[in-house]
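Each chain carries a letter (A, B, C, D, E and F) given by its place in the written order, and its residues are counted from 1.
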């Protein structure tokens, strides 16, 4: 089985973190491949940056989907996920919805630990759009400048752990999600150090992608996740144009 | 005052409808300008098409915002609106949120009349993300093939009116929104023929854009609608890159 | 165009503030007229006072509606608005719902700054009845005695600004509404001094009333905002009795 | 113990129905008294009529509260209830909130059977303001002209029973509320004829009023149900003016 | 009339408190009887303990229901209530839902004062399952070891009162529920000492049980509170087996 | 890895279906074991039956948890799940929450196909308690007598498929859950025959249990899913008593 993870940002250092955790968490026999966006920003904190990342991810997914059994949008916030689910021939998931699926099985009230103050509003919108708003105990975030996005978990490990502890003590969190691809693997290194279960987006997404590929629930031929109806288009990248024409 | 309307689709015939209704509804002294996306699809019905339209609209907005007093995303569903609101130097609104603002002042339960079955799920998601889910009485839509997107309101006027009548009689609608830029102007031609108030997206968006420009509520310098924090980027169109760098 | 603003309280000093801001914010060609309740209290803070103000406003509206193109209930909390919308021959709006309509176009999370502690619970009920509960970041209010209701914005300008700043910093407000007719005009004088957009009820209501009058969405002939069915009545003021009989 | 029931409408025939059911359902030792509004309409179906009934009920309550142990607003929809709860020296309840309190103890999904189509939207708003919206299975209503409001339960008994049966079979109702003072006593005469528990507003209100008077939970001295803060007023009926001044 | 109260815990000292308050609050002519669980824990704080208490209560209810006019599950949290309502031949209520019914008639925002930190999450789930989540201002709880469950209200009376005062001052509580059978009677002894109405679960449950028995709303023969359909069973206590077979 | 599935009903024929599907869906190297309740009913349709099944499942889980890596409550409705999650030393999931976790990754609006009319209300309560109420498109159920619970999927396969098709066509379902252990394996045999993805509870639960055991998110030491605080108990089965004492 081949799981394709698409980093919708231009940061190779984060792609390395994603790849390492994906390989550690994949089942025997699963191959993971990580792609990095060709254009965009270093890391997405806002709706506008997510809009860019969604388009960048869509191009990569269109180009590479033919050789994947499942696809993961490998940024917390899942830019472009709903759209990709309509057009991809294989199951697609994202780090946010996969982490929420795991957390949902471990407790009722969920807190998210994030890397920047600004990112919180966007995360909240995504969680609410998933329908998990009422289960969100809090989002807590670092309030420090990020010197290098690939090093944020090393640089701020104690602060991130402290945020999780406060989420448990003050917000009633029953499960912690360590959010953001730059934190991939941190849940593993904090194992046993927090008083509630801890969930990581990359490992959850890889395992759930495997499950979807294994259980073969079938593709949507009707409803809002079926292929968009065929219609005129112009000026689109070839791979996207071919995808859209495949529904004719 | 200059209001810029951006059609995130490639359909010039729909841009013509938008322009005509915008000019009819603008206040004296307001100039309206309508731009058409350089790439994308004929009309957006799905999340994936909205993802494309959002990026196309973002490029046009970045290129032309300097000479506008307010900007309108001129497709129902408001692709890219949240992101544009973060980065544009002037107020931005969209047809959905503007129509909802008008409808909110006219009744409690709102029904939306749409041009295709498929488009309904995406509209519902957008309305819910605006927080108007509990006020949505129904979405009703044509169930017929669309031969030419610019001619849908002529071709199907009676069917659209009948859908609105059923929304009132069966769903308890207290206000009707005729949704989609291809229906721009239809509310005006149906005046007096429906038993509840009728709202049009283009005219609502133009008038509300004028109001925002006139009342000068101020720009967000903090919170989730302030400019994204400066960070590395690569491969972006020049106008977008300049916008992002303007926050440095 | 003539917009009639009804102050449902007995305070002429507040009517003066309403008139001044209404004139400043109206479009060229719009005449504004402000009426003051003949009975009631100095300013409404509670449900019981709102019940009185609603009846006082209804009498004035019934007497004067014939010469108006649109009517505004000019107290935050909109006493009597839903009822008036049923019976008035022209569009009616209120300061709360109009301010919410403006705020909805500027950001997602909205905070309201109010003049007294007691008034907050009533405001919250009204906002929730409008369906905007989930978008309410907070209500913050002065905690000081009000020596003269017409002078509250002069006397407490710094405290009101400080409340708005705390709403942004601590509650995540993306838009601020300065609530209450006694604060009419304060948004204008605070222009540029707050880090998020600021909305005023009177100017929003005047502009939205103009828009409703201009777009002519049509009157409700069916549903819950149509005229009440004819039925026996007794003991009512003449103007109200005539209104109710007009549906026969 | 003396329970005062205030009919906020001018219909003596409905007051008779209220009185009869109140006497049948009161505990031994409880005296019931029913007052009829001096002005208003025959029966409230709309927000505007409720605005009038609220003011009429407030006058009667202010005049007569001194000799009551508890007060009931005896119209479904509870016009003025929230305001009266602030100013009355004894517990106050209404037919809607009392019927909901009873229904809440009998099942989860509640349907309301009403006397007219038009009345449904107002009932729904009141139920939602009580926080019972998610428990409302449906509101079903007669669709026939009402020849005399005091005779509606005789004239339409079979149709009302059929509506209740459909609410159970088609809407999943687990409890039925027969709504509206004109239906007072109907639950009693339908006893054993419906397949789920049936609740009546008058008897629920009388019994719950007795319970509140007996358990003596105490009066609100703080929060939004305490007396309104003292402030200038003018032109109010004497009894209301005295009530408001009592908080000085 | 005979009201049967079932303490789903093994604590006789708490049963004594329940009995005393039930007798004080019952109407003349009502006999109250209190039963104590034969197996289980000293007091329920968690879902697992509630699961045990529900089964213990079900056995007692099945054995003793024939001689009761109404049954009360006499632990806050109402373990087993929904299930018992399906199978009991008489009305059943519980301390939580009864206290909520009383509180609902006294104010909108409700705070619950509880005896332990751990118990809060379970209480919140029960309140939300009742549909009262949006009306819950807060749950506040003692943070001290409980030396003897029957003595908690004596030992911690001042701390409990202080929690209630903070709920009013800081959380906006308009009504206080003193939760938990170990606090039965405390509302009575705090009479006049708190600035908002105070509700007790045992007295509310007894009075509402009387009302349900008196008003005779009828038993559910259809819907989700009718008897479970007959089906094979094995290994059940005799009284429960007989109950289930009674639907054949 | 060893996954223990507990059928909280007495039906060995259903345990056989559970075992067969669990074995088909487990990863290589996973051993599945299925236990059948020693007391209870043939299949749970109601809250009262769930109360019994929860206690029966708790006894089996307490007796056998020491040799499991993860536990599954193998009845849709998940009787006892929340309680077991507090006391078990390994991850626990249930068929409902696991099926919802899978469905959540495949579409937004979810319909559940069930085996009996009566079972629907209980399923709805469980889904709402999981927080998935807003994503539930519908529950549709067979309306026919069940001759043998273990044969329901053979006997009614066409009717079940037709219900799923109606859920898609009429309710807007984007994902179908075939609910109830008696339907274990049906999703597999309907593969490719429905126009949207189809989810099965047993296979979802087994795969998610494996994922939880593999990712090792850690056990709750604080919050509402930690072990219940130690306290007196009496009369409990040995295995349960030992579990509760293990927190001392």
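Here is the rule we use: a contact is a pair of C-beta atoms (placed from the backbone, for glycine too) under 8 Å apart; a residue touches a chain by one contact, two chains touch by 3 or more.
Quick caveat: nothing in here was measured; it's all calculated off a predicted structure.
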The assertion on chain A/chain D checks that the Cα superposition rotation, as a multiple of 5 degrees, is 180
Find the chain most remote from chain B, comparing centres computed as mean CA coordinates. E
Check A-F, E-F or C-D against B-C and flag the pair whose interface repeats it, over half of the contact pairs matching by residue number. A-F
Same residues or different residues where chain B meets chain C? The copies count as same if more than half of the interface numbers are shared. same
On a CA-centroid basis, which chain has its centre farthest from chain C's? F
Which whole number of Å gives the spacing of the CA centres of chain D and chain E? 27
Averaging only over C-alpha atoms, locate the centres of chain B and chain D and give their separation in whole Å. 44
Out of chain F, which residues touch more than one other chain, so two or more? 85, 108-109, 121, 125, 172, 174, 223-224
Listed in rising order, the residues of chain A that touch chain F in the complex are 25, 27-28, 85, 91, 93, 97-98, 100-102, 104-109, 130-132, 134-135, 168-169, 172-175, 187, 191-192, 194-200, 203-204, 207-208, 211-212, 214-226
Where on chain E is chain F touching in the complex? 10, 38-43, 45-52, 54-55, 58, 80, 82-87, 116, 118, 120-122, 125, 128-129, 223-224, 228-229, 231-236, 240, 244
